[in-house]
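Presented sequentially are two complexes of subunit A, the first with subunit B as partner and the second with subunit C.
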Partner chain A sequence: MRHIIKPLFRHRMMPLLVLLQVALACAIACNALFLLQQKLVPIVSPDGVGNPDRLIVAWNIAPRGQPWPTSRLDQVAAELRAIPGVGSVSVAGSFPMETVAQMNGGVYGEGAHPAKADTAVYIGTHLRDTLGLKLVAGRDFSAAEEGVSYKGMGLDENGPAIITRALAERLFPGGDALGHVLRLGDAADAGRRTVVGVVEHLMRNKFGQDDREDIDYSMLFPSIPTNWPMPIFALRARSAAEVDGVLKAAKATLKRELGPEMIQGIDPAYEMYGDMRERQMAQPKAAVWLLSGVSLIVLLVTVVGIMGLTSYWVQQRTRQIGIRRALGARRGNILRDVQLENLLVVGGGILLGMALAYAINLWLMHHYELARLPWTYLPYGAALMLLLGQLAVLSPALRAARVPPVVATRSV
Partner chain B sequence: MFGYYLEIAVRSLRRSMGLTLLMVLAIGFGVGASMTAYAVFRAVSGDPIPWKSSRLFVPQIDAWGPAERGGSGEPQDALAYADAMALMRDHRAARQSAIYAVAPSVLPTDASRTPIPLDGFAVYGEFFPMLDVPFEYGSGWGSGDDARGAPVAVIGDALNRRLFGGANSVGRTVGIDGRGYRVVGVMKPWNPQPAFFDVVDTGGFGGDGPDLFLPFQAAIAAGMENAGSTNCPKGGTPAAPGFAGLQSSACTWIVYMAELDDAAAVRGYRQYLDEYAREQQRLGRFGWSPDNRLRGLRAWLDHEHIVPDDTRVSMLVALGLLLVCLLNTVGLLLTKFLRRSGEIGVRRALGASRSAVCMQFLAEAAVIGMAGGMLGLLLTGFGVLAADQVLPMDLTGLAHVDVSLLLLAVAVAVLATMLAGLYPAIRASRVQPAWQLKTQ
Partner chain C sequence: MFDYYLRLALRRCRQNVPMVLLLVLTMAIGIAACMTAMTIFRALSGAPLPGVSPYLYVATMDAREEVDKDNPDYKQPDSLLKLVDARVLVDAHRAVQQVAVAQSLTLLGDMDGRKSEQAYGLMAYGLAVQALGVPLRYGRPWTEAELAANAPVLVIDTHVAQKLFGTEDAVGRSVMLGQRSFRVIGVSGEWKPRVQIFNLAENAGSVMGQEENFFVPAQAALDAGVGPLIAGECGKGAPVVSFQSAAVAQCRWMETWVRLDTPSQLADYGRFLAGYADAQHDAGRFAYPPQAKLYGTQAWMTLNRVVPDDVHLNLMLAGAFLLLCLVNVAGLLAARFLRRQGDVAIRRALGASRRDVFVQHLVETGLLGLIGGALALPLTWLGLWIVRMQPVSYAEAARFSPGVFVILFALSVGVGLLVGILPAWRVCRQPPALQIKIA
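After this line comes the complex of A and B, so read on.
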């Protein structure tokens, strides 16, 4: 061991450069990969919506003057429902993948120390049906519940709610959520909602630093929101073949019914849900490209750097290696020594890099709204760097091992 | 001599193509990534009014008390009507204006007669000279028009084209929400990014610029409702309904900007704000001691988080990449230079000074930097194009490549590589000629 460590201190510069490179690469790659993983969450998580190719969404519908009364919207929804080929119609205040109107807030469970979750709310009629959400427990809203007219958005009022399984497990851990009551905020007079149903998945429409759990914290409230200035209409076609016909008829119906009362110059948008999802995912996808590109380049550049430096250092010590060979060291000994040396240097770099990664993460957390780097990243990062280090050193080490003993006798 | 060094550099680089290519690639990627990130960052963090931003200030008055403050402990971003009007009445700054967003529509006189929705702001006459708003025709209005709430208007270039075919329309009348307003000024195309005069309502970026400015009191008198954000304290929802109720409530919805020309004026205004809040405390309107802010424009934009966090973080990530690439270049240059110890020994023995050797290797580093810079330029171009495709809608088109960015990219590449080459070059120049000659 001593014959490996000592030279490291005698020729400080080469090992130091390798160590610094590894440390920096480790720190940056750990943070970049962590950011990458966060950006991947909305892309790879299920949004719960069934058959997105049959779901038509009409949004950006702006009334001139006062918002439309709910009775009027209900009547338009009935007209839309009468279109042949339509399976289900919703009038909603907010919608998955629609970020113009977001309703989010802290929701609390029961008990003296209730669990809390930042949750997205979708308020509208027949949303479970139209979104094609899979009910895993309980029931859908009843016709009576759908018909209730709440004051305003209904966020302060009592009533029923359908929540996702992830939210149910978070708020009411270790049990059946059905029949339990959640509170909308921590105020004493906050609205209370009784859970009547649990759906498998439903992605929220506020993306941030989510993990696979909290991106699924959403719930549904029944009925059309009162006094809501931007209603959203969603139609589910019975089959993919009928989508085009339904879309055309829906455009005509909305134009006929609400067109004259809309603000001139603001046109409603008609989109397939799948396209909305694509649009929302464009930015995280771009970030994924950027971050994976950066991580890849950082790691590649580091491997190349280690390779270059080690092969030079090996070349420098050709004669010394020759002497050791002449004194009886086997090829395997030389190979192992170079690899061990690399292991030590890279290991030192990793230790420094972990500290640095943590410091960068702390700094980012302080200045930007970023989450804490989970410590599970560190061993994975360390293993990856060690592996890359060994990979990089393989060719110089083999070259060192091939040095014939005879060089010891030459030109000394 | 320098030309000769360059020639040697090119020769030596040709001799070890692989290594050279690696260094060029490393620097190219580092520079390309960081310049792309910088182009986006520059686009969103630029000073919208650099010649004056140090003299523009935004006051914040704690009108809700400590219990209503969020986690940040900061007072509200906007002012309540009562406070904004008191500040305007006292008129303590060199120039000042209360501002709120309006969204009326105008009825054109042409055949179509479909109303055009407008993005406008209700402001005071001092708004225009304070922010150096450029005028094509006419000018802003005077303090008399402010006081009377006169029906006058300043319109944007686009609206002037739409309504009057781009002619000098000063003195003509436009029908806005059913009332006639006399045009007193037509702006040149003016769409500062970020829209610094009202980032609270505009969010900073996007839009085609304001179409219209109306006198504050005229808009209030016409009942033109606030089209921007309104925030009310808990339990402080307006007692009376409608726009009149909003005006008598503690809800905050008015943005305020003041011009203060020197440090003494800033100090004075700060004092004045505190005195005002104390006065309100005495009158019983505020049940707490003053906690006001007076931020300069740049600090204000920072406070409002105008630059998206994602942009800053990608800038940092790209800088990190550049750093890794440079460190790598240090290593590769060191091995490259020291491999030629024999050559250095011969040169030194033939009389080259240490500094000459050092210069020669620095020239070599500069050539690599230049090549890396060229590659970086190319990658920056692609990067900015790609960024335009993937940025959110309201930022699209802001990031662009211009001469200064190109020069910066090459300069960063060359300087960074020379910096990276400094230690290897010095190290190379220290090579002992005797040793090298002996071993050969």
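After this line comes the complex of A and C, so read on.
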């Protein structure tokens, strides 16, 4: 061991440069891969919506002046429902994959120390049906519940709620959520909602730093929010063949009914839900490409760097290696020595790099909305870097092992 | 001497082309990544209105008149005021210039009703054109007297003038705005804050500034039935927001911007603002202690996170990447130089000083840096092009500018010299005798 460590301290520059490179690469790659993983979450998570190719969404619809009364919206929904080929129609205040209007807030479970979850709320009529959500427990809202009229948006008011399974497990751990009551905020007079149904998945429409669970924290309230200025209409066609016809008829109906009262200069949007999802996911997808490209180049540059430095380092010591060979060292000994030396230097770099990665993450957490780097990243990162280090050193090490003992007798 | 070193460096570059290519490419990728991120960052974080916005401050206070149990502790400074409050602040003339503004989106038409144009513009109380530094091409801005009389006058930009009247000089013509005819008194050139600065609370997520096609006195516009695009904060029981409504007397919808040139003016105005707000609270109008405060344009943008976090993160990522490339190239260069210790030893033995050897190697790395920079230029262009293709709100900011070119040049030479210092120092340090022995 001594004959490996000692030269490292005598000729400090080369090992130090390798160490520094590994440390930097480690710090960058860990943070970049962590960011990448977070951007991947909405892309790979299920949104719960069934048959997205049959769901038509009309949004960016706003009235000039006062919001439309809910009775008027109900009446328009009835017109839409009469279109041939329509299975279900919703009027909602906010909608999955539509980020202009968001209803979010802290929701609490029961007990003295209730669990809390940052949750998206979708308030609208027949949303479970229109979104095609899979009910795993309980029931859908009843006709009476759908017909209730709120004083305000509905966020402060009591009533029923359908929540996702992830949210149910978060708020009411280890048990059946049905029949339990959740609180909409921490105020004493906050609205209370009784869970009547649990759906498999439903993605929230606020995207930030998510992980697999909290992106699935959503719930549904029945009926239409009162005084809400940007209603969203959603129509589910009975079959894929009828989508085009339904879309055309829906456009015509909304234009006829609400067109004259809409704000000027901003056009309503009619989109298939699948396209909305595509559009919403385009940005994280681009970020994923960018971050994976950066990580790859970082690792590549490091490998090339280690390779270049080690091959010089080996060439520099050709004579010493020759002497060792002449004194009886085998090729395997030389190979192992070079690899062990690399292991030590890269290992040192990794230790420094991990500390650096963590420090950078802490600093980023302080200044930006970023989650904590999970420590599980560190061993994986370390293993990857060690492997890459060994790979980079392989060719110079083999060259070193091939040095013939006779070199020792030559003065170079 | 310099051109001799340069020739020497070129000759050496030709000796080991793959190695040189690797060095230069590593530098080029590092520089290009950094330049791409920096271009976007510079475009977004510079003064939104060059020459004007560094002196502009926005007045904020907790002007809510009812208790709001959802947000009792005024989490975020609020810049929206009722027109009555904005009027008092503007009419006090305590700042160098002052104006209250709100975004409007409405239809401008000619008097025959044949031509019309949907346009974004600012409704303003105060001398908006002067305070915001809007460039006038023709005519004049409105006067205090016209403002006080709620005269139906407005300033349109050349784009709208061209659209409605077929000429840029539309001064004296009439424009239909809402239900009234307004006289065009001035025509402005293109005016657009580089980044969104107005009503940031309701413009969350929009990064790039809005081009304003017209400027109109607020009360005159309201009288004609034209309101702000968005009016929020209309008190309990009112809708969350309403659009294009002229019934905004109960709403907080205007932002007051003041121009302050010196720190003492800033301090004085801060006291005046706090005094006004506290008086309203004491009189029972404002429900909460107002915590009135002035924010400079940059501070206001930072507070409201106008520039997306991703832009900052990408800049840091690119910077760290460049650093890695630097360390990498420095290592490879050290190996490259030290392999040539024999040549150096002979030069030293023939009388070259350490300084000569050092400079010779620095010239070589400087040259490599320049080549790297030259390669980074198309790479940066490519990087910006890729960003422009992305579905991000700031894609428009990814444009090559001459300033970027200068930075790129400086950066590449700087990078070349910086990575060369350590290896060049290392190679010139050893005494000639030892080097000859090694050779």
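Here is the rule we use: the second predicted complex is superposed on the first by the 411 of 412 C-alpha atoms of A that agree within 3 Å, B and C clash if a C-alpha of one lies under 4 Å from a C-alpha of the other, contacts with A are read in each partner's own complex, and residues count from 1 in each chain.
The rule we apply is simple: a residue touches a chain if its C-beta (ideal position, glycine included) is under 8 Å from a C-beta of that chain, and two chains touch if they have at least 3 such contacts.
Computed from a predicted model, the values in this text were never measured in an experiment.
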Put subunit B and subunit C onto subunit A via the superposition and say whether they clash or fit. clash
Just checking: does A:I297 make contact with subunit B only, subunit C only, both, or neither of them? Give me first, second, both or neither. both
Output check: A:P67 vs subunit B and subunit C. Expected answer is one of first, second, both, neither. What do you get? second
With the two complexes superposed on chain A, say which partner A:P229 touches: subunit B (first), subunit C (second), both, or neither. second
Looking at A:V181, would you say it contacts subunit B, subunit C, both, or neither? Reply first, second, both or neither. neither
With the two structures laid over each other on chain A, which partner does A:L344 touch: subunit B (first), subunit C (second), both, or neither? neither
Partner, of subunit C and subunit B, that touches more residues belonging to subunit A: C
For A:A326, select first, second, both or neither according to whether it touches subunit B, subunit C, the two together, or no partner. neither
Which partner chains sit in contact with A:M153 here, subunit B, subunit C, both or neither? Use first/second/both/neither. second
Per the definitions at the top, what is the overlap between the subunit A residues touching subunit B and those touching subunit C? 13-14, 17-18, 20-21, 24-25, 27-28, 31-32, 35, 263-266, 282-283, 286-287, 290, 294, 297-298, 301-302, 304-305, 308-309, 311-312, 315, 364, 368-370
Show which residues of subunit C lie in contact with subunit A when the two form their complex. 22, 26, 29, 33, 69-70, 105-107, 118, 205, 229, 237-247, 309-310, 312-314, 317, 320-321, 323-325, 327-328, 330-332, 334-335, 338-339, 390-392, 422, 426
Which subunit A residues qualify as touching subunit C in the complex? 13-14, 17-18, 20-21, 24-25, 27-28, 31-32, 35, 62-67, 99, 152-153, 185, 187, 189, 227-229, 263-266, 279, 282-283, 286-287, 290, 294, 297-298, 301-302, 304-305, 308-309, 311-313, 315-316, 364, 368-370
State the interface residues of subunit B toward subunit A in the complex, per the touch definition above. 19, 22, 26, 29, 33, 105, 114-117, 309-310, 312-314, 316-318, 320-321, 323-325, 327-328, 330-332, 334-335, 338-339, 386, 389-392, 427, 439
Quick one: in the complex, what on subunit A touches subunit B? 13-14, 17-18, 20-21, 24-25, 27-28, 31-32, 35, 263-266, 282-283, 285-287, 290-291, 293-294, 297-298, 301-302, 304-305, 308-309, 311-312, 315, 364, 367-370, 411
